[in-house]
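These are the structures in question, set out in turn.
You will see chain A twice below: alongside chain B first, and alongside chain C after that.
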Partner chain A sequence: MTEKITPKREKLLANLRVQRYTPGKDRAPYFDNFKVEVETGMTVLEALRYIKDTQDGSLTFRAFCRSAICGSCTVVVNGNPVLACSTQLMPILKDFGKASVTITPLQRLPILRDLVVDIDPVIEKLAKMHPYLMENRDRIPETLEQESLMSQKELSEFNYITDCILCSACFSACSTVKVDDNYAGPLTIAKAYRYSVDARDSFRGMRIQAAMDQGLWSCVQCRKCINVCPKDTRPADSIRHMRRIAIDDGIHDTPGSRRAKAYTDDVEKIGQVNKPMLPVIVHGTKGWAAIEAAEAALAKHGLEPTRQVCTLPGQEGAAKIYAKVREIEKKEKA
Partner chain B sequence: MIEQQYNDDKLHYAFYSGCCFQGTDARFFDILQQVFDKVDVELHLIPDAVCCGAGVIEERSELTSLSINARNMASAEKMGLPFYTPCSTCFNVISNVQKRLGEEAKLFDQVNEILAEDGIEYKGDCKLTHTLWMLAQDVGLEKLKERITNPLNGIRVASYYGCHTRNPADIQKYESSQNPTSLEDILKVLGVEIVDYETRDDCCGYHLTWPNNQLSQKMTSSVLQGAHKQNVDLMVTSCPLCFKNLDGVQPKALAAAGQDFELPVLFLPELVGLACGMSSSDMKLDFHNVPVNVRL
Partner chain C sequence: MLTYDVLIVGSGGAGLYAALKSRMEEDLQVAVLTKVYPTRSHTGAAQGGVNAALANKDATDTWQDHWFDTVKGSDYLADQDAAELMCREAPEVIREMEHWGCPFDRTEEGKIAQRPFGGASKIRACYAADKIGHVMLHTLYEQGIRRGVNYFNEWMTLSLLHDGQRCLGVNALDIRSGKLQTIQAKAVILATGGYGRVYWNRTSNAYGNTGDGVALAYRAGLPLKDIEFVQFHPTGLRRTGILMSEGARGEGGYLLNALGERFMSRYAPEKMELGPRDMVSRAIETEVREGRGGPDGEVFLDLVHLGKERILERLPQIRELCCGFEGVDPLEEPIPIKPTAHYSMGGISTDINGLTPIEGVYAAGESGCVSVHGANRLGGNSLLDILVFGRRAGNHATEYARQTDIQPMLQNPLAPAETCIKALMDGESSETIADIRRDLGNLMAKKAGIYRNAADLTEGQAGLAELKARYKRLKIKDKSQAFNTELTTALELGNLLDLAEIVVEGALVRQESRGSHYREDFPQRNDKDWLVHTVATRGRDERPVLHFEPVKITQFQPEARTY
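Showing the complex of A and B:
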């Protein structure tokens, strides 16, 4: 027998603090407060529509599909970028323990009006990544009737990224975008990776170059993008994968790839990273100044500087694991 | 997991130190031990752990990162104790490995096949925790309050979590990731005044130190400036890497940003220790790069 589930219907009179701004008319963005009776299940978009219908017809926001597919309604609620159509207000009110939420437009993008931003900068960055398949001649079928089929395994390499709807929530939340205008942003690198590891594609080298030009190693791996992605595409993971294929394809000469190599090799050899020498490993002879400064700082506190950290007891076991993984990876490549 | 029995009232943890608590940073380990002694927590060092790779090893080989961290957890499982690491990045990386191996049965089997080379088995049932939740939930705020002998009233503090105990949300089930409160809960018990500031949720940039130092310092100075604007006495972080960055790189980062101020930064256990009556020399505050000239 199935039990009938009746969700608890709650109502709460909440204050929605919404950022308003019309470029050319307002000197700076300001906030308007709207009282809305929030019910269980009510989405941010429903609340915005309610305000537009009953309180202020001039409130401007963008929305279309109402199904978390088109990616046009992204706004920032209490600092977190979300899809307005698929985000309920009640859990947020409860989470923050206040009968008030603040709704602002996406960050780091030009505001067109109120909650609507111009996402062209994101699209321009994406366009530089060659976000399309360039045919891999080995995979073109003999006849027109045949299709270029992919195995499940090949698909699983990038399938999780194909859900990306370009909503730009990750772009808005990104720590690096905040400090570097030239950085590509999470979703664009994720897309570049998605096409680069597609078995039907042959443009991987160009995309690696494009990603490096737009700051592949500028991602700080704060993983906020994973947190905010409404489609669970995990951009920060893809950025690590993109770095991996870049290194696999011979990009050994960037500080980032040298760091990756040092970490990986050190843990195998000594069970930990030989941090004292990292400046030289990553930056070459330029790094000596940093090493000397660090050593001087240690000496000030009476600590003896070292250039070779000890080998941890776990190293032996880890080395066995490294060997086994290498064996498996070699087999997979073959 | 078989809970190891100790005949005392203490809480026991398998301690995964990470790189911030050994070598020239070994003082942090002393500090932790002193502080946890006050709240009846005993740490048992995982004897054969290796570096978690900080997510960087994944840029070479994901399977290596998964396997060595499954091995790290398996070592704690053998001890029959919950896995505790004071480092947010170690927590993030290892917790992510636990989550993935819990979800992907094939990967779980493959990793165990790899671990068999070392004669060790990963079961996947060890509880992972971090200083934040150990203090706020395991020890409990009540007990912590009892042990406070030097309430730090009147000190204005900017609380800073850092990213890796918060993102992604699915690495921990202890609290909301969008609006965490454990750090503030602990700080309130210590008696300080918590000040809201705009850069609380920003990244300090530590993990860009090597690949892109300039951007890293921009992030560092931005976080510090946000706190400084609110006229705080000090900043407290629960992440040792954030601490190293915000304290160690502060003069350089602020100079690069054309700023001329000093903001003392404390690692959470240091402040807990001070509130529990330990002296600033016990907490080795003179090791800080930015002098802690606040009366604590």
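Showing the complex of A and C:
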């Protein structure tokens, strides 16, 4: 029984709006419109190459492997950072119900030309994180006669992070990068974490310091990096884990770790965070200035500020949960 | 002038391993020139595994078994001393990668895990899920950061400079600024990858696998070896040539022609879809030639009958690739596929240390040819090749650079590169890159692809001469200095045209079928006349001149290659 195969292939005329800019030549970025006949299977990258080959040879973008493993072709399509090579156009056109797609370069990075941005700032931030294994000689033999041993479970602690292709989509989407030039960005902290929890490594302390120097506690956990990562490496989770190991390693004297500790301690004691006093706990005596400023602002609106926080009903339940967690942790450590 | 002790051109596994080895001693200045960023090199696309007889899964495996498999797989064209060395050193380089933190998957005892691979007699391929090349590349790059390797990202190398005896350096284009520079170096290691892009869209290779290092070595007078041998993988996606791994057929996928027939019953009635790569590729090509292909000259890989559950459990990656790159969901319809050029066995002719006839000039990895792959590369041996010979080239270049002084530079060294770029910028404007490139790909696929014969190859020669003439009339319309990708792709096309010519010449002269090279008019292997390497140098008229060198046979006498 054979049946003739007729593939379902559609065509649709689409308008691609592409951002153009050559520094030194153009005063500001502008948009060019290109008509492209999109057929089933066509990716954003294929469309860009079609334009370059047939309509405008000066259209500039990066592309290399075209199989979603090199991270060169990251661009922003209708507001979302994506790999152009693995993004199908037809579903986007159909989803939006209009034959137009807007393509812009990654955000938060200097434009070199059209869709090409300078990713050196990301690489420089990465390099400061000691992003490499420093041999733990208890685990790694001195000579090449033997392998070091590692369990699949130890590997799974960080294996998902090794999928990162440095495409910088997360950097472009990051809420903290947007407001803080010195912040390391999601992927670099994730990489620092990857090596910090590798059982064969000996350099965790240096990496935690490097991450703190570059804003480990500045991440607001908006999880945009998780949404845009084409490899599903969940950078925001790694950042949270990195904070945890910093505290586990005894770093309790930074504003970030004090805040984290205040949250957990307060909930155990009173069932909620003692927000009015948080600035003092986090920033020490300097925090009083913040409290006084906040109180003055409230007073202006005729509201009476309070430094008292009541214990919430059900606090005993919270305390029980804490006790249970401690018990489990103790068992796990033993 | 920028000056380095060791300069590496290309940032894949071979280049980065060489850079790391040269820099670990800390007394040498080492730089890597790459036209991309190091972690974007095509090594990262390798999925399956890297061979080393660690005997972690099969205690009976030895490097001698690996050696034999490699030589047999090469259809006896590999130099057996080089293959021996590669297989013998394999366990050590894998352990070195492992000690640098490469996240291999693990066995129950915590050792490096291994999986079975085509053409291997034992379970030997070390792996990291389906991303072994990616994690190797990143590990090498990161260790390079640690050791202070200088990376010149987005620099394209245009010419190799030497004084006829010793290495002097290179000319390179800084893509960002558009400026040309001469970089002086005691030793240069060319590690720029393969030239699968001579088949343009009929390849699984990256856009940039244009054989730049091979072409510039050729233009600098260095000999190339076995260029006519290019491996085709049977199942690449129709539109892009991206690979659908052998796993899909291993799980029970059918190959169907447009009439819906399982055509492999005509070619390999017993093994059916699981016949050897070259045989399946030829079968597909025959179906299409005889008019039983789809509207775009494709056939179909059908998984629908396996059922949703099995596909999602066993072949999730394959499904994702299909949806993302082809817009076809294999749960619902057959995947359109075409055979796709996958690996260049040939390259710059070197000795077992990666050294070329010019002192201080080395080549390694897919751009080099020692040769260990002969007429056909074994799965899992490409990653091993780049590690072993990247390392050897790095070590040897380090020793050489220590004992050598910087040589006096040529007068006006930039001149040839400037002339070349000026010619492209000021061409006559009647031709476009896209047209020439497309015609090149079609010509090579039709006349010098999976099936070859004297008549086609002769037409291929004529076609290439015409394409080269058209290339001379090419004009770059983009006049910007900054990030001029029209210019860089034109330079790449020039490299492809030179290499395509050598593929065709070699294929025409070699009157036999061996490994990836199949001549319809000479369908048998001929050890009496053709157990030799084809060596090509550039003649006075800029056409390749071929001569032949014996294959080194130390242990295994040629036998029929059956599986």
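The rule is simple: the second predicted complex is superposed on the first by the 289 of 334 C-alpha atoms of A that agree within 3 Å, B and C clash if a C-alpha of one lies under 4 Å from a C-alpha of the other, contacts with A are read in each partner's own complex, and residues count from 1 in each chain.
Here is the rule we use: a contact is a pair of C-beta atoms (placed from the backbone, for glycine too) under 8 Å apart; a residue touches a chain by one contact, two chains touch by 3 or more.
As the structure is a computational prediction, the values presented were derived from the model and not from experiment.
With chain A as the common reference, the superposed partners chain B and chain C fit together side by side. Contact with chain B, but none with chain C, is seen for A:312 once the two complexes are overlaid on the shared chain.
In the superposition on chain A, A:53 makes contact with chain C only, while chain B stays out of contact range. In the superposition on chain A, contact of A:3 is made with chain C only, not with chain B.
In the superposed model, A:95 lies in contact with chain B only, and not with chain C. By the touch criterion stated above, A:43 is placed in contact with chain C alone, chain B being left untouched.
In the superposition on chain A, A:116 makes contact with chain C only, not with chain B. Touch criterion not met for A:76: it reaches neither chain B nor chain C.
Of all C-alpha pairs linking chain B and chain C after the chain A fit, the shortest spans 15 Å.
Residue overlap on chain A between its contacts with chain B in one complex and with chain C in the other: absent. For chain C in complex with chain A, the touching residues are 36-37, 39-42, 44-45, 54, 92, 95-96, 98-101, 103, 105-106, 108-112, 128-129, 131, 134-135, 138-139, 142-143, 145-146, 153, 176, 206-208, 238-240, 242-243, 256, 258-261, 294-295, 300, 321, 323-328, 333-334, 336, 432-434, 476-478, 480, 482-486. Taken together, the chain A residues at the contact with chain C in this complex read 2-5, 7-8, 22-25, 40-43, 46, 52-54, 57-58, 60-61, 63-72, 85-88, 90-91, 112-113, 116, 119-120, 123, 127, 130-135, 140-141, 144-152, 155, 158-159, 162-163, 165-166, 195, 198, 200-201. Interface residues of chain B facing chain A in the complex, by the touch rule stated above, are 19, 22-24, 47-51, 53-64, 67-68, 71-72, 75, 92, 110, 113-115, 117-118, 120, 163-164, 166-169, 176-179, 201-203, 205-208, 210-212, 215-216, 218-219, 222, 286-287, 289. Contact residues of chain A toward chain B in the complex are 78-80, 92, 95-96, 175-176, 178-180, 215, 217-218, 220-224, 226-227, 234, 240-241, 243-244, 247, 254-257, 259-261, 263-264, 266-267, 271-273, 275-276, 278, 282, 297-298, 301, 303, 305-306, 309-310, 312-315, 317-318, 320-325, 328-329.
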